[in-house]
Structures are given as C-alpha cells and as structure tokens.
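Several structures are given next for inspection.
The following pair of complexes shares a single chain, chain A, combined with chain B in the former and chain C in the latter.
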Partner chain A sequence: MKAIVAERLTKIYSGEKKALDNASFELSQGEVFGFLGPNGAGKTTAVKLLNGMISPSEGSCHVFGIDPSSSPEKVHAISGVVTEHAQMYGNLTGQENLVFYGTLFGIPKEESLKRALALLERLDLTVAKDKKLTTYSTGMRQRLSLARAMIHTPKILFLDEPTSGLDPESAQSVNNMIKELASDKGTTVFLCTHQLRYAQEVCSSYGLIDDGTLLAVGSLDALRCRIFSGLKVHIKSNRFPEGISFRKTEGQWAEINVQTEDEIPPIVKRIVDAGGNVYEVMANRLSLEEIYFSLIEKRKEQKEVR
Partner chain B sequence: MNTMQSALIKKDLRGITANKQLLVAMISVPIVLTVVVPSIFIMLIHFMPNDFSDFDAMLRMLPIDIQLDNMNTAIISLLLNNIMPVFFIIIPIMAASIMAASSFVGEKEKRTLETLLYCPLSLKQIFRAKILSSFIMSELVSILSFTIMTLVTQIEIFLTTGSLLLPNISWLVVLLLLSPAVSLIAITLIVRGSARAQTMEESQQRSALLVLPVIFLVAGQFMGIILINIWILLGLGALLALIAWILMNGSFQKISYESMLR
Partner chain C sequence: MRGFIAFSKKEITENIRNYRLLIMLAIFLIFGLMSPLLAKFTPQLMEALMPNLAEAFENPTALDSWTQFYKNVSSLGLSLTIILFSSCLSGEYAKGTLTIMLTKGLSRPAVVLSKFSAAAVILTVSYWLAFGVTYGYTAYLWPGASLPHVFLAAFALWTAGLLYLSILMLGCVLFRQAFTSILFLLVVTVIMGLVEQIEQTAGYSPVILVSKNIDLLSGTVTASYFTIPFIVSIFTSAALLIMSIVVFNKKQL
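Right, the complex of A and B next:
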C-alpha cells in the first residue's frame, strides 16, 4: 500500500489565490520525501490537507488508504506531526508533556513513561526532563516536539521545518534519527523544508514546489534528468587549448559539462598535451539547489512566453 | 468517556489548579459572596437589633407560610434561602467562564490547540472532554462554596440564635439543576466565541458581555421566583437545562478544524 497518494490536490483559502494547485504525487512506505520550497509555497497547506486539518477545494488525498478529510482521527492515530504552530504545555515538564501526549494516543501511563524516557535520551534531553517547558531553548523545544511526534511510533511522520532553530550538531543528530527511522523501522517521512542542502542529505525522493505549484517529483537522479544528467567538471589550469568548449569562470578555473566520467581523462590529457599544467579537477553532478533554481527559472520563462 | 478523554480532562483541571492567578480569582470571589457577605449580615442582625422597621415592612410582604415568629430568624431565613441562591447562579457562570476561556482560547493562544487536534480523538470528543472539564470545575467551585457557606453560616447562626436554620428544599433544585444548567450555557457561549477570540482576555470579556444580561435578568427576578413556588423553580431549571442542551448540540454542528485554527 502506498503511504501517501495525492491526486490533483488543490486548496483555495476563501477566495484568495491557490495555496496548492493541482498537486499529484505518491509516496511509498519507508520513503523520506522532501517537500521543498520557499516560505509560503504551500508546504504547510499540504501537511494540513494530508492530516485533515483542512479539506481540499479540489482533488483528493489518502494516507495509508485513509481519506483524511472524512476520518482525520484515523490518520492522526498513525501519524506524528511536527509543525511550528504545534507547541506543548509550558506549565508541564518535558517528561510530563510526553507522558500526557502518550496517554492522549491511548498508550497506558507506564508504557508512555518508558517511551518518553527512551526518546528523551535519544534526543539528548534527559538532563532537562524534569524542567518546565518554559525554560527550554528553541532547539530543545524542537527536539521535544520530535519526541512527542514519535511517542506512539507512527507509521508516517510529517515534519515541517524540523531543524529550524537547531544548532548544527543537533540538526545532524535529528538527520541521523530520521534516516534511522526510515531504514530500520520503515517509517515514512514527509519532510517540508526550504533548506535544500539539508534535504539532499536526508531524503530519498523529492517534490519541488513554488507558489502552490508542484514543479517536479522524483528521486535526485530523476530530477537531474529533467535538467542535465551529466557532470559539471571544474578544472584549474594555466592553459586551456582551443577546440574544447570551456567556460572560463574565475582566475585559472574553467568549467565544462560532460555526460560520463570517462570523458574527463581525455580532456585533462589534451590540456597537458597542449603544454598546460593541471592543478585541480573537480567533477560534480547537479545539486538539488541547482536543479531547484533551474526549474524555477524554466517556470518563469514559460510564464513569460504565455 | 475513554481514557484519552479523561487524560485531557485531568490535564485541563491540573492546568487551572497550577495557575495561581486563575485559581485565586476563581476561589476568592465565591468565598466573598457566600461566606463574607452572609457573615456580615448575620453579625449585623445580631449586634444591631434595634431598628427593624424596614425589615419588618419587607417581611410582611412575604407569603404567610414563610413568615416566622422570631424576627431575627425570619431575616436570616430570607437571607439564606432566598437571597443566597442567587449567588449560586453567578458563581458557576464565573467559574465556568474562567475555566472554559483558559481551556479553549488559552490553548489557541499558547499554540497548543493544534498539537491537541493532531491526536486521534475526534473534534467532538475533544470538545466534550473540554466542556466536561469546565463543567466539573464549575460544579466543584459551586459545591465547595455551598459546603463552606453552610458550615460557616450554621455555626454563626447557632452562636447568635442558639439554634440551627438548615437550607430548605429550593437549594436542592438550585444546586442540582439550575446552577449546572447555567454553567453549561456559559461554557457553550465561550466555546462558540472561542473560534473568533484570539486571546484569553478577549474571550473572558466576550463572555462577560454575554453573561451580564443573564445576571441582571435572572438574578434580579430570581428571588421572587424562589418565593413563589418550588415547581416554578423546577420548571425554570428544566428550561435552562434544555437551552443548554440545544446550545451545546448546536455548537457541535458548527465546529471544524479549520474554524478552530483560524
């Protein structure tokens, strides 16, 4: 069974423009799906639609076969949600908060406590477990929210900007945890973020969104194929022979696109044969960031043509 | 009521008892109304027994069956059985308003409502649990106030007159029917307003606006109703309970996640 199926999902907030426009995508179980786009692109709207907090204006969606707009509580039972707006109680301690949310998901108190302690340790919050939430830093709150979302071992996690406000070390540990959850427990993760580099580290597939419109969906390789599937080679040399289409960048650096790695040695050889010294060679595939900006550029061009 | 809902109710009740500011507000007003006010009155009657002409005139207007032989006892009985019940209409409204505002709009204000909505309880179940926690709190405050009031006034009456003057049957109707019905109406009005209110203060002010006319209309005429007949009191209680039920079901029909998170 697919974890998420969205078909022509559209949301229009009372007469305003479309917050989500005709978005169709599918997620398999155990996938870490990066839903990427700038602020206001429609990411949070998608999370709310998939959890039944709002109903679609057009189209439909299903989470593990359940329609969230007709049975939201059934979706909530199998999902964990972390969003900026979903806070916890300041007058309770970290541990009390987790135990409360555990019991709210129908887990007996003793079991909730056991799980809470394990999660607090995993997220490096054991020292602060008996402190009131009001004393927590932004990063600690964010980590506690993650623990809260995982207390009932959900089949799917919706994480809306989970690493915002986290220091690099905490962000790294959260990333590792997300990867572990997906690989070891088969948890599906729907991760919304505008931090594209961070997403590339964690996600196995992507949906790129801008202004409510889904630009592309697929694995990194599939997305690359839409723009340029080859390699970008950067060469530092004191001489570049003519006849090869180098693009001079800065200083002694030049750039050339190739389809496969095999094309690189002949290029280097030609430079050396022409009397040039090669100091450095770097070959990179298109990053998620580059793909995203190319797609946005393409969309702009299409709009202008229209 | 399942264990998830009772967890929510316990959390709400704990939330209010942990908030000293709200707790003091919720307890101090009923204590002043039900203990301090009648105590002053009883003491006044005891220590200034000379000029009763105004009271005398008032007592003569009362139905014959409640006119007692002893002037002091008659006045205390009037106070205890006819004036004090009015406060037990005001107290549940106040307690329910504070509790409901904190439990609905307070959650919205502190951004904990959204987290709550992501739990596997349906919106109706969440609402029922929250209405129930406000109701329990308002009933607790009412019953506690009644118990303390009865204890203190009975001791005072015994010390000043040498005998007890127990509350009459109309109290039973007030405490078991009228006061719960009125507190349910107050809670429902707050809940209806909670979709629009953004802060707890705003919600409490809104509820005060809604509740004030109730106090003037109901409380002003209430004393007379108690005097007339227990059956009329019972009828009024049943009518208010019916209104509470209709209002509550009406608000269940209207709620949606979207309206709550606006």
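Right, the complex of A and C next:
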C-alpha cells in the first residue's frame, strides 16, 4: 500500500489565493520525501491537509489508505507530527512531557517511560531530562518535540522544518536518526525543509513546490533528467586550448558540461597536448540546490512571459 | 477515559509545580487557624485598642469562631481560588499546547472535565483542611460548646465553591483571557445576588449557601431552608459543565 496518495490536492484559504494548487503525488512506504520550497510555498499547508488539521478545498489525499479529513484520529494513531510551533508544558520536565504524551496515546506508563528514556538518550537530552521545559533552549525543545512525535512509534512521520533551530551537530544527528528510522524500521518520512544540503543527504525522493504549484516530483536522478543529467566538470589549468567550449570561472578555473565520465580524459589530454598544466579536475552531478534554483528560476521566467 | 486520566494527572503535576496547590493549602490553613484565634482574642484586642467599645465583644463563643471562618473563606478564600484558577485555560490557549493533543485524539470533553476536576479536588482538599483545623481548634478553645448543623453549614459553602468553579469554567471556555472569565463570574454572581434580593425568588438563590451559614449554626434558619438552594446549585453546576463542554467542542483553537 502507498504511504501517501494525493490527488489534485487543492487548498484555498478564505480568499482567492491558492495555497496549494492541484498537487498530485505518491509516496511508497519507507521513503524519505523531501518537500522543498520557498517561504509561503504551501509546505505547511500540505502537512496540515495530510494530518486532517484542515480539509482540502478540492481533490483528496490518503495516508495508508485513510482519508485524514474524514477520520483524522485514525491517521493520528499511525502518524507523528512536528510542526513549527509545537508546544509542550513548561512546568513539566522533558521526561514528564514525553511520558504524558505517551500515556495520552494509550501506551502504558512503564512502556512510555522506557520509550521516553530511549528517545531522550537518542536525541542527546539525557542530561536535561529532569529539567523543566522552561529552561530548555530552542534546539532542545525542537529535539524534544521530535521525541514526542515518535513516542508511539508511528508508521509515518511528518516533520515540518525539524532542523530549523538546530546547530549543525544536532541537525546532523537528527538527520542520521531520520535515515535510520527509514532504513531500519521502514518509517515513511514527509520532511519539509529549506535546508537543501541536508535534504540531499537524507531524502530518497523530492517534491519541489513554489507558490502552491508542485514543480517536480521524483528521485534526485529523475529531477536531474529534467534539467541536465550529465556532469559538470571543473578544471584548474594555466591554459585552455581553443575549440572546446570552456566557460571561464574564477582565476585559473573553467567549467564544461559533459554527458558521461568517458568524455573527461580526452578533454584533459587536449589541454596537456596544448601545453597546459592541469592542477585539479572535479566532476559533479547537479546538486539538489542547483536543481532547485534552476526550477524556481524557470518558473519565474514562465510567469513573466505570461 | 484514558485521555481524561492522563490529562488530569498532568493537571495535578502542573498545579504542584506552579505552586497553585501550595498557595491554596497555605491560605486555607491560615484561615483555619486564624478564625478561632481571632474570635478568642478579639476582646483582648479591643480592650487594648478601643476600651470604650470592648464591652460589646466580651465572652466570645464558638459561634464567633465559625462566624470568622465563614467570613474569611466565603470572601477571601473563594476569591483567591477564582483568581488562581482563572488562568487554567488561557495559558493553554496562549501557548497552543492543546491543539496538538486535540488533533491527536484527546477528546475535548476530557479537557474541560480534567480542568474542572483538578480545580475541584484542590479546592476540596484545601477547604476541608481549613474546616478540620477550625473544628478542632474551636473544640479545644471552647470545650463542650455544641452547635447544630456544623457539617451541613460547611457542606453548603463547599457546594457553592464548586458552583463558582463551574461558572468560572464556562467563563474560561467562552473567553481567551483570564481577566474576562473573572468578569463573567462577577456578572453571574451579581445576577444570583439579585435573585436573592427579589422576594419571590429569594429562597432559590445559591447565594444562600454562602451567606446564611452562620444563621444555620445560630438556629435563625432551619436546615430545610438550604434544601432548594442546594438542589439548584447542584443542577446549575452540572448544567454549566455541560454548557462548557458544548461550547468548547465548537471552539476554534
């Protein structure tokens, strides 16, 4: 069964602007789906729709076959959510907060405690577990709300910018955890983020959204195909022969696009044959960041034409 | 039910942490101790301060002790309770803590009932503590004094306390600000006071439960005088709680 199926999902908040416009996509179980887009693109709106916090204006969505707008409680039983403004109780300690949510979800007290301690350990909060939440820093709160989202071991996690308030080290450990959850437990993760580098490390597929419109969905390779599937080769040399279309960048660097790796050695050979010294050669596929910017750029151009 | 229990436990823990429980216990304990003491030593105080008026205060009795008790608890005690618990929902509204739980399947009636129960339990414990202390201390200072309906009078005020809490609950559910909930309670109290003022309806007002306790002890009114206000109070409390649940079910958070 598909983890998420969205069909022509549309949300119009009171007013005429479409926060989400005809978005269709599917997620398989165990996938880590990166939902990427600028501020106001409609990411949080999608999360809310998939959780039944709001109802779609048109179209439909299903989470493990359940319609969140008609039976939200069934979706919540199998899902965990971290939203941007998730709050917990300041007067309770980190551990008490977790145990409270655990028992609220129907997990027996001892089991809740066991899970809470394991999660606190995993999210590096063990030292702070008996401190009141009011003394937690933003990043600690963020990690605690992640722990809360996982206390009932959900089949699917919705994470709305889970690493936004975190230092690089914590962000890294959260990302590792997400990867582990997906690979070991088969948890499906719906991850909204702006941090494209982290997304590329963690996600197995992506959805790019701007202004409510889904621009592209698919794996990194599938997305590359839409822009440029080859390699971008950076070469540092003191001399570039005529006849090859190098683009000079900075200092002694130049770049050139090729379709396959096999094209690189002949290029280097031509430089050397022409009497140039080759100091460095780097070949990269398009990064998520580059794909993101070129898709957003394309869309802007389309809009201007219209 | 599961949600109710988990949420109620959280309420009690929070009330301990934010010192509400402690403040309530301390204040009511002080009332419990002060009432008999004040009654006992008022004559000496008066003699020292205003010798010419002192005669009127001679020979205090157990009834004076209870007069002090009902005066303190029904005015200061209940006001304090209301002020302390007026913020029980506004904090959750402001911080947005309820949204996630409600979307997670915690039932809305469970929230309202837990909030009310926690407040009611704390009031009950504090109140009967004060009563017990005054009772014991009065018996010690005025040995052998026996008054009718000591428990009934105390029970009446307790019932009224719960009624005030349920009015406050509706206020908290209706309005986002703690201050507005208190205002709402004041308006309702004024209305109940008016009901007591009008001759035809005087016997029905729950205000009797907080204003006539001493008359019951002194024998000025009979126990049966309390029956109707008591029943009215119970039913009103229940109705208010149901209304709170209905309103809260419809509330946008």
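Here, the second predicted complex is superposed on the first by the 305 of 306 C-alpha atoms of A that agree within 3 Å, B and C clash if a C-alpha of one lies under 4 Å from a C-alpha of the other, contacts with A are read in each partner's own complex, and residues count from 1 in each chain.
By definition in this document, a residue touches a chain if its C-beta (ideal position, glycine included) is under 8 Å from a C-beta of that chain, and two chains touch if they have at least 3 such contacts.
For clarity, every value in this text was computed on a predicted model and none was experimentally measured.
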Could you say whether A:Val268 touches chain B, chain C, both of them, or neither, answering first, second, both or neither?
neither
Mind working out whether A:Leu295 is in touch with chain B, chain C, both or neither, as first, second, both or neither?
neither
Note to self: Quick check for you: in the superposed arrangement, does A:Ser55 touch first (chain B), second (chain C), both or neither?
What the structure shows: first
| query | After lining up the shared chain so the two structures overlap, which partner does A:Ile244 touch, if you call chain B first and chain C second: first, second, both or neither? | reply | neither
Which superposed partner A:Val5 touches (first chain B, second chain C, both, neither):
neither
With the two structures laid over each other on chain A, which partner does A:Lys132 touch: chain B (first), chain C (second), both, or neither?
second
Going through chain A, the residues touched by chain B and also by chain C turn out to be 51-53, 72-73, 76-77, 81, 83, 85-91, 100-101, 103-106
Seen from chain A, its contact residues with chain C in the complex are 51-53, 72-73, 76-77, 81, 83, 85-92, 96, 100-101, 103-106, 132
As the complex stands, chain B meets chain A at residues 2-4, 7-8, 11, 15, 18-19, 110-112, 114-123, 257-258, 261
Listed in rising order, chain A residues that touch chain B in their complex are 51-55, 72-74, 76-77, 79, 81, 83, 85-91, 100-101, 103-106, 148
In the complex, the residues of chain C that touch chain A are 2-3, 5-7, 9-10, 13-14, 17-18, 95-97, 100-101, 103-106
